[in-house]
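There are two complexes below, and they share chain A, which is joined by chain B in the first and by chain C in the second.
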Partner chain A sequence: MATDKKLPVSRRGFIAGAGTLAAGTMGFPLIGGAQPAAVKVGIIHPVTGFVAYAGSQGRFGATLAVDDVNKAGGIKSMGGAKLEPLLGDSQSKVEVGVAEVEKMNEQGVAAYIGCYQSPVGIAASQAAAKYNTPFLIDVGASDLLVTRGLKNVFRIKPGFGACVDQGISLLGDLNKKANGVAKSAVIVHESGEFGTGTAKLLASKLPSIGIQVKEVIGHDNPTRNFDNIALRIRSAAPDIVMMSNYQNEYVLLARTLYQQKVNLAAMYSILGGGFNYKFAKEQPDVSQYMIDVNHWYNPKSEKALALKKRVEAAGKEFTFEVYLAYTVVDLLADALEHAGSADKEKLTAALDASTFKAELMPYGPTKFVNGQNEGGRAEVMQAIKGDIKVIAPEQFAEMPPVFPKPKFT
Partner chain B sequence: MRHLALAAALLAAVVYPLLVPNYLATVGMLMFFTAFIGQSWNISGGFAGQTSFGHAAFFGVGAYTSTILQVTYGWNPWLAWPAAMAMGGLVGAGIAVLSFRAGLRGSYFALITLAFAEVFRIAANSASITRGGLGMLIKADQRPINFQFKDQIWIYYLAFALCLVSLLIAWWLTRSRFGARLVAIRENEDAARALGIDVFTEKVKVLALSGAMCAAGGTFYAQKYLYIDPNIAFGIDKSVEMLLVTMVGGAGTIFGPLIGSIALTTINELTRAAASVFPALKNVQPLSLIVYGAMLVLIVARLPDGFASLLGRRRHA
Partner chain C sequence: MLDPQIIIAGVLNGLLAGGIYVLVAVGLTLIYGVLHIINFAHGSLLMLAMYAVFFLWRLAGLDPYVSLPLVTAGAFAVGFVLYRLVIGRFSHGKDENILLITLGVSIVADNLALLFFGGDTQTIDVPYAGDIIQVGAAFLPLPKVISCGAALLICLVLGLFMTRTDTGKAIRAVARERQGARLVGIDVEHVFAVSYGIGIACLGAAACLLMPTFYVTPQSGYAFVLVAFTIVVLGGMGSFLGAAVGGFLIGITESLGGLFLGEQLGQIGISLIFILILLLKPTGLFGSRA
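Entry: the complex of A and B
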């Protein structure tokens, strides 16, 4: 019975069809082979955990930049190769960050970008060093990141050491112009590597500009109540409160000091994690006249202003995590262009010799020394009526500083 | 039959890193490492019934002791390791003496251990010898003599060996008079005392053993990641992790922490990997934590005695 069954296709038709299919199958890889392979980039941020907002902002900035590079034709020296982002969540944990590095290495990444938190960045870049894979720090304040002698780590933004130097120098100038109104300070910092390191530097350098440190107060992450710390500050009665902490704690401390009407000449933060447009817009009274020394975009850059519009149109805030991650992807694309290859050694050499111009930032040409860009610098901003304006350096300033700030009535 | 299954599992664990890529070897290493520190909790919390919320105190003491000896005093990390274990044991015994002398039991003991871990964390944040919140960095020098390995496989085998040792200790507890005394204390402390067991001494001994084991885990962690800070070393999430793998696997059983660690690490990795497998999930990684949490609830609700109860063996008694 079965042998009586006939195929609904004739033998000639079958052979013709099979031939076409075979030719198609054989030809496809040839056409496919003409396409340059995508360059895989591992992007690791804490998109869950207590700094999830900042991590998500970093991821958003990096993916936006990848899209822009690809839309602009990819890496031209590599035949228009596209960047392919592999997104990783460190969950704010060192071991998860390292596991992401291992996983992405199996997937063949050419470089990593991350990790926001310094401890995660320290361990993750160490893991990447085993594979000689370049690791570009977008956000991560600790100077330990670039002082370990690892050849694969590159940080375009200044670390907390440089930011403190810049911040102290400007505060000294401001105070001098205001006839030395500020004579004492209290430093409040988160108790991790970033906050402690910054606070230690501040405490050692403030006396050099005539400001005495009355107290250094550390706090945990997360801290959900700053009433006691505000009371300690009130009893110490300093002229300035200097803060170094992450988003939520920064905002909460500022709000508590405002609610308790603690009179100060200034709230002056170095790398204040919560000093951004979101804070200024949502809490204009609290943020009014607060000063922050931080990574900030170049307000005179057309490219930066256009990107700001796009980011805000997408319903996001234009925070430093966004434009630093964006800048780092641009730096990577530029290095790939010069290397003409995703080969790790060539890419590392291209990064090492990079003279990339970070258009979004107020930086000079990039020059890496032991992985730290010496062309980077911070800016000083002040919140004013729900907005943020640059007050220094002079060539980027959008308004004169208000110092000391008016007292509570 | 059981011996055959054990031999097959042992062989599979030995061969596993030779067959899989580095990432999966890392996942395997994490499973064994978590099982090891989970077992340290199980020995005091599961076998002796002394539930602790602050085992991170021992973990951190181990991590900091070996790191300080190595970085500040130039010790070889292999020599610093037993010193860290001794310190963990001492701290375990110290906490036990202070707590049990004061007659603390059950939830009161659990809370005092949590408080001790917090005290250690704050002390590490403030002391100059630990470099406070700046943390301590161990110089990368990937030679076995430095307890650092270029090839991931060796750190896997080390974690595997630690896990095996911890299983042997748990097995010994099920066979020894010391283990029997601990079970008696767990089931009814007053009855155990009436039987002539020196409850105080036995509890101090088990806390010292548990503390030394957990401290060994702390040193292993520091050597693997080469950086510790007070939150990493003494953070509450480490205490929760140890407790969780034991509860999910089966407290008071030999294989409970290992089973719990395999189950939780697998769930965690699978839910995280979902974001890479399904492009639509790329930006919703928090979803993996929701799924992880939901699965935990299911496990606890459906298997209150842990996965080990599926093997037909309830608590060791």
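Entry: the complex of A and C
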């Protein structure tokens, strides 16, 4: 007896379904193959060693930005290509930074970002120049980074030359408004490229605003004790102490001058390594009225304030390493968009011609001249009651400056 | 020419700095005197003790001076257990193995600190941080005066412990003649562990005395350990008295060197002393009595 069982799927339906399945099965590899290749970005920071905190902040900012670029659809002109970060640790050592460049070159990076310390940045970008790979400096104060004629190096933030010029000019304005209360200064600097270079510039330029330099004091990293430096400062009796050092020594020097009750019109640092929210919050008495000229976010930018909230919600401090690294990744993404390719020559040309708007920063439109962005500028901040406020330039100021600061009783 | 008042102030600053150096160096010299090894983990263990002080202050609100007995006892326990479970067990009685193990402990401790505590600079804000004692031109920060006094007191207590107690005598016996001590029934392995524990306890005390004026990062222990090595060599390896005298000498040398030659060149004084001692009296100032 024949049974007449009807198939639940009609012949036409079956053929249509099978056809779709076959096309799908065969089609997937094609679609997979059509995915644009990720753009590898070498991100090198000192996440171990004596500036590990600053380095890890830089890495945090860069990876946060990479995630944001990828979540927003990647590089659209490259079919949505994602950025793939390759993370390197320079260990706060020049030779290790260079080794990271070589290693990442083998892995095919399209660009590098780094390196926080100027000596590492100088050597690492030189190594990247051999392969014509763009090297974007997120943090690195020395002007040597961009004055060696290397076509592959780009720095969006101002170097110490520009920061010193701006800092001196703003100090001149402050002093003029205070009837020229400050007539002399002592400069205390760390003995590396950053501190020594900044100190030399300061010493040569302070006389132009009527402030005589009484002494220039260098110190090593690390320095255990600043008591003697405080003694020398007390002996010189300057009106202003200008500091240029990394975080640990910055904090230790500030604490020592506070403990030793050294009376000053201001402690005024340019690119002070330890001037941040954490220092102001944890050492409110020590940091009170300290002034710093530094890279700082634009307090009027909604994007910057939103990022600050996110960073703080992640339990991190919103330090300049974070938002500068974030900005540099954005700059790279923008250049890739314009280049439409990760080809090194095209990418270098796109960076060179970039007019990127650094929304987080108080910068004008980007314009690279010999690798240095002419649109970058620093801001002047003052610590007040455990917080930090911008006091200049005027269009970004959150409060009037307190200068000279009250004396110890 | 510097004002004599400034020079006197420099000497006083050097003495205050020397107090802490003494405490760090005493621990190092004790470990060397008994175990005959240089403890490469000294800086890392000092750093861990400083983190302990920092977290006791931050989480439990304990003042560093109040936490001194707790941290010192904890550091002793860590040193004792570290010797019993790691150093003693894996060294197989060979000094060169102990060197490598302490180096390994140091690398692991540094990286664990970086992993768990981050690389950030941590400081303690105590209400007396800004208090000073004025002596002529010198403004001596109260926490540093307390540190120096406490360091001296701890060294004195340690000296009494070594001369007046059975354990102290056993430690000295083992330091002098290991085999002989074993023959008269002293448990040498136990003495090694106790000595290592006491050496690390000195670091615990030093950490409590340092934190009101210093900072801690995973690297901060090294700032004191290199100078402590110099002090141990200067004073005579294994000599308590040498470590005490050497600590103050190095403190004053560093301070006056900084005043006369600048902070960078001032460190040359320490290196010069190191080289001169090695050339002229390799056993150190009190080495023969060790």
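Heads up, the rule we're going with is that the second predicted complex is superposed on the first by the 380 of 409 C-alpha atoms of A that agree within 3 Å, B and C clash if a C-alpha of one lies under 4 Å from a C-alpha of the other, contacts with A are read in each partner's own complex, and residues count from 1 in each chain.
Going forward, contacts are C-beta pairs under 8 Å (C-beta built on N, C-alpha and C of every residue); 3 or more make two chains touch, one makes a residue touch a chain.
Quantities reported herein were computed from a predicted structural model and do not represent experimental measurements.
S.K.: By residue count, which of the two partners contacts chain A more extensively, chain B or chain C?
M.R.: Tallying touched residues of chain A, the top partner is C.
S.K.: Give one of first, second, both or neither to describe whether A:218 is in contact with chain B, with chain C, with both, or with none.
M.R.: Both: A:218 reaches chain B and chain C.
S.K.: Of the partners chain B and chain C, which touch A:193 in the superposed model: first, second, both, neither?
M.R.: first
S.K.: For A:95 in the superposed arrangement: first (chain B), second (chain C), both or neither?
M.R.: In the superposed model, A:95 contacts chain B only, not chain C.
S.K.: Per the contact definition in the header, classify A:48: touching chain B only (first), chain C only (second), both, or neither.
M.R.: A:48 contacts both chain B and chain C.
S.K.: Can A:123 be said to touch chain B (first), chain C (second), both, or neither?
M.R.: first
S.K.: Counting only touches as set out at the top, which of chain B and chain C does A:87 meet: first, second, both, neither?
M.R.: first
S.K.: Using the touch definition from the top, say if A:302 reaches chain B (first), chain C (second), both or neither.
M.R.: Touch partners of A:302: none, neither chain B nor chain C.
S.K.: Which partner does A:103 reach: the first (chain B), the second (chain C), both, or neither?
M.R.: first
S.K.: Jot down the residues of chain A that show up as touching in both complexes, chain B in one and chain C in the other.
M.R.: Chain A residues touching both partners: 47-48, 52, 191, 218.
S.K.: Going by the contact rule at the top, pick out the chain B residues touching chain A in the complex.
M.R.: 21-23, 26-27, 30, 125-126, 132-135, 137, 139-140, 142, 150, 152, 225-227, 229-232, 237, 269, 272, 275-276, 282-283, 285-286, 288-289
S.K.: What part of chain A is in contact with chain B in the complex they form?
M.R.: Result: residues 47-48, 52, 59, 86-87, 89, 91, 93-95, 98-99, 102-103, 105-106, 119, 122-123, 126, 129-130, 144, 148, 150, 190-193, 195-197, 200, 218, 221 of chain A touch chain B.
S.K.: Which of the residues in chain A come into contact with chain C in the complex?
M.R.: For chain A paired with chain C, touching residues are 47-56, 191, 217-220, 222-225, 227-232, 234-235, 247-248, 251-252, 255-256, 258-261, 274, 278, 282-286, 317.
S.K.: For chain C, which residues count as touching chain A in their complex?
M.R.: 2-3, 6, 9-10, 13, 16-17, 111, 114, 118-121, 123, 125, 129-130, 132, 137-139, 141, 144, 213-215, 217-220, 222-224, 227, 254-255, 258-259, 262-264, 266-267
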